[in-house]
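Right after this note come the structures.
Below, chain A partners chain B and then partners chain C, in two separate complexes.
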Partner chain A sequence: MTEFIDGPLWYFALTVFIVGVIWRISSIFFTGKKPDYSVPRQASTGGAVATVFTRFIPRRDMAPKIRIQTVAGYMFHLGLFALLLFAAPHVAFIEHHLLGIGWTPMPYWAFIVASQLAFLGLLILWLHRVLNPVTRLISDFDDHVAAILTFVVMLTGCLALMEGFTGLRVLHRFTVELLMIYFPFSRLMHAFTFIPSRAFTGAWFARRGVDA
Partner chain B sequence: MPVSTDSARYTAWLERRCAVLLQLTLGMVLLACFSTLSFAAEENDLAGKVKDPGTQLWNEVRQREGVLQGTTQVAGMDSAVLINVDGERWRQFRMQQLIPAAGLALGGILALIALFHLIKRGVPVAGGPSGKYLHRFPDIDRILHWSVATIFIFLAITGLILLGGRLLLIPVVGDSVFGALASASKEGHNLFGPLFILGIFGLFIRFISKNFLASGDIGWLLKGGGFFAGKHPTAGFFNMGEKIWFWAVIVIGLVISATGLILEFPFFGQTRSIMALSLVLHGVGAVLLIGGAFGHIYVGTAGMKGSLDSMTTGYVDLNWARQHHDRWAAECEANDEVLSQSEVARAQGRSTLGEVPEPVIKGES
Partner chain C sequence: MSERLEKGLAAMRGQMDSRVASFLSTCVHCGVCAEACLFFTETSDPRYTPIHKTEPMRKLWSREYTFWGKIASKMGLKKPMTEADLADWEMLVYDGCSMCGRCSMVCPVGVDIAYVIRKVKEGLCAAGFSPEDLVAAGERARTIGSPMGVTEKTLRSTIAAQEKESGYKIPLDVQGAEYLALFSSGEIAGFPEFIGSLAKIFSHADVSWTISSEYFEATNTGVQLGNSKLAAELVERVVAAAQKLGVKYVISPECGHAYTTIRWDAPNFIGRPLPFKVVHIIELLEQLREEGRVKTNSTISDRLTYHDPCNISRRGGVLEQPRTLLNMVAPNFVEMTDHGSMNWCCGGGGGVSSNERANPLRAQAFGAKKRQLDEIQVKTMVTACSNCRHMLEDGLEDNEMDIELIGITELIAENLDTSGSPKAT
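Moving on to the complex of A and B:
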């Protein structure tokens, strides 16, 4: 089983992930849209660039109502980003199995803080999704699977932190592979689409003269 | 016959010398034998009286008379103590008293809850659902509650594996699986522990104002909360049982947190004895909280019908509130805070029939 998870399943998951992500992104870009014949109010490029950054901060009138999601969202995403790219085992894996180059990993204490932020953030976000009537109403199966799968991946990774047991490492790798296979077909794709999505919206609004 | 006489005298002289030599040799051999025998006998006599150097050293380092400090150039707490005999006492206490007592306590609480449920079958809402509601907990309180609950359950499971796993799990899953399980539990427990501290801090901030002693609380306690017989005693937003649970979570939670930090970060000068004591306090506190959580979960679900709604939807039925928190219900009614079914449904994003209306898309039949 270990050989299967470390070998064929890993390559299958990697292939599905890469092909799936490219397919999803290209399907968005090549969908096309109706030509807009209206006279542009502003240049769309400025709006596109500005919106990519301004959307990092909630609108002033919305901020008090989404304080929990904002704080928990940043906790989770920054924690996950740090774990994914700067955890020592991940840096070693990227260097030896993916890119051939590595970089300085974060220290152990930073790993602990990052994982705690990520866990608490994801837990709060998912509980908010389930307990708040509005988010519960607009959530579907995919949202819950994505949240739970991400949580399980992080959990198995942290449980294998001692790196002394092959079983724990293989369990973590197996859950990662499940996530990679699920990723392109789920809303987890927002990791790749949020920038073009914001840019498109910003460009469209700028062209129409909408201040949003 | 001078020649023969000389020869005879020489022979006699030689014989005398040989005899003396023989006697001396024999005497020396006999002396050696006697000496050896007598030394061996003497050594046998001393065998039980003189300590073996290894045993003597072992007894010294065991330090039966208490923890003795030696000298060493190795820096660090307890580095001058080769063997701490208190560690063995702690191990015996943990294996022979703490773990069996913990198992007995948790098993006993579960058995009592099961017995109570068999007899009482849960407390129904007096008068049934009224169709009118009160808003009890906002989103933030419910998110906080379930966050702490999730972290607590994870810590309880991993903590119990670490506490009693060697005794209970190794015979079932074997050494190697338990090794991995224990390693994972230890890592997970240490990782989630600090989050629990944040959680109880949040609970303290959010709920302390409603958990001070109020009139009627002692009466509630004396009547056993109305669980066993008679009318339900009067209570405000939180009854005395909930207040006791709140303060138990805060106080015992702080003890568990402090002892947990002592154990997780062993580089602030704490000695091994302090860590052993911390582990005992940590375990006892955790067992008390887990036992309390069993009761809390039962009362919040099957034990008291309608209670769970307050932590899932945030709303409770008016009759439930009148039954269990009459003073709070009266306050809400006086302040005109009673909500109709349709008002709650709207707030929950549901139609008055309890279902979300299908969106009508223009152009579709």
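Moving on to the complex of A and C:
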């Protein structure tokens, strides 16, 4: 089983992930877009690029109303990316199995901080999703599966690191592979599609002379 | 599948594009958009969450444009869309959304929600799930040329009355004029002094302008309904009138959606660039001020604020010009907390004002504007949209608020420096 998870399943998951992501992004652009015949006030490229970055920060007038989503969202995403890119086993894996280069991993205490941030952030976001009447109404099956799967991946990852048993490492890798297979067909794709989404909106507003 | 459902779905399929696909792929259902929507903030009803209003389009996209959706639909594992998927959204989309686009400014992943809602309207309209008042307005626009039934005869009598009242000649059907002025029916019927104000300002600024007796309507009910075919038909009438008179510019009046339609959407409805330039009256007034052709010689001392019409500011890009003009005549001009591209809507945009069924909800939604006004305590509110003006008047009256309302063109005309060359005729 370990060989299967470390071998064929990993390559299958990686292929599905890469092909799936490319296919999803391509399908957005292949859907097509009609030409805009209106006379623009200004070029749209600047607005497209700017909006990709400006939407990382909530508008000042909105910030107090969306504090939970913002704070928990940042806790989760920053914690997750720190774990993904700087946890010692991940750095070693990237160096030996993916890129051939590595970098200095974060110290153990930083791992603890990052994982606590990620867990707490995800938990708050999920509780907000089920308890808040708005998010409860608009959430669907995919939202919950994505949250639970991500939680399980993080949990098995922490267990694997702390216990050091091969079984837990394999379990973590298995859940990661499940996540990678699920990823392209789910809302987790927002990790990539937020760029065209923000850019389209930024460009549209920029044509009209509005900072989006 | 019923015929009307098929029509609705076909219309929505026709609206699918890369932008919609990217938005629906990206939304993480975070609910942030709810806090930007006055229909949600004033009712606390989660159904008014902006992204929820796009649900018919999301369902269609999920079934027909995604990998698992296609497979599940073919295998019968996904419930087919029904008429209820459209019918149940009619009131949310037409009554509970003014297409103000405030939600689009705050979405963390950049979804232009108003853009998708506009496309949902195409499906609802094609399937026959549109408010009867709006359908009737559309029919009047198509047959009479005005959603309110304003005829050429009414226009001529309004012009005559305004010429008498203002003392300025109002040119009609002048071949070769530089500018063609359009009006909203709401202006002609409710605020005809706008026409007299234009005549006064243009006379002193020496602007060559005219009105077309054949087509003078700036509003486009096709846009409010979500009927692109009707929208294109109405745009073609403006184009024909402008081409017949040989004008270089078309002036959009004080009407929000009229401006976005003729300035930004019209060429796309007809599938070709417009044969003239479009300028909003505020843009033209500011240009004339810059050129020294419009000067004012008096100011109003009242504490005064400006209500940004959503489609002129946020979705139109006319943000600085009204402020420059107001600072010229109103030393006590103050801004509301949320203004410019983050203004709060009057509640009546997107056809809500033409839909009597939505009146109680609209009155409730006015709470957002009331809070803004309570904070700054002004005596006068200026705006640049006759529809906003109607809606604000209703709201102020309902809430017994003693605030005077005036259009910006009228305000400039009242304070115009006419000493240089009196041109009253």
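Couple of notes before you dig in:
FYI, the second predicted complex is superposed on the first by the 206 of 212 C-alpha atoms of A that agree within 3 Å, B and C clash if a C-alpha of one lies under 4 Å from a C-alpha of the other, contacts with A are read in each partner's own complex, and residues count from 1 in each chain.
Heads up, the rule we're going with is that a residue touches a chain if its C-beta (ideal position, glycine included) is under 8 Å from a C-beta of that chain, and two chains touch if they have at least 3 such contacts.
Predicted model, so just to flag it, every value in this text is computed and none were measured.
When both complexes are overlaid on chain A, the residue A:1 reaches neither chain B nor chain C. Look at A:59: by the touch rule set out above, it reaches chain C but stays clear of chain B.
Shared-chain residue A:101: touches no atom of chain B or chain C.
In the superposed model, A:123 lies in contact with chain B only, and not with chain C. Of the two partner chains, both chain B and chain C are touched by A:134.
Applying the stated contact rule after C-alpha superposition, one finds that A:24 touches chain C and leaves chain B untouched. Within the superposed three-chain model, A:167 lies in touch with chain B and out of touch with chain C [touch as defined at top]. After overlaying the two complexes on the shared chain, residue contacts for A:155 are found with chain B alone; chain C is out of touch. After superposition on the shared chain, chain A has more residues touched by C, the comparison being chain B against chain C. Applying the stated contact rule after C-alpha superposition, one finds that A:38 touches chain C and leaves chain B untouched. Contacts of chain A with chain B, set against its contacts with chain C after fitting on chain A, overlap at residues 132-134, 136-137. Chain contact summary for the complex, chain C toward chain A: residues 16-23, 25-32, 34-36, 40, 46-47, 49, 51-52, 65-68, 104-112, 115, 263-268, 271-274, 277, 313-317, 319, 337-338, 341-342. Chain contact summary for the complex, chain A toward chain B: residues 68, 112, 115-116, 119-120, 123-124, 127-128, 131-134, 136-137, 155, 158-162, 164-165, 167-168.
The touching residues of chain A, counted against chain C in their complex, run 23-24, 27-39, 41, 51-52, 55, 58-59, 61-62, 65-66, 69, 73, 129, 132-140, 143, 184-185, 187, 189-190, 193-194, 196-202, 204, 207-212. On the chain B side of its complex with chain A, the touching residues are 139-140, 142-143, 146-147, 150-151, 177, 179-180, 183-188, 191-192, 194-195, 198, 312, 314, 347-350, 356.
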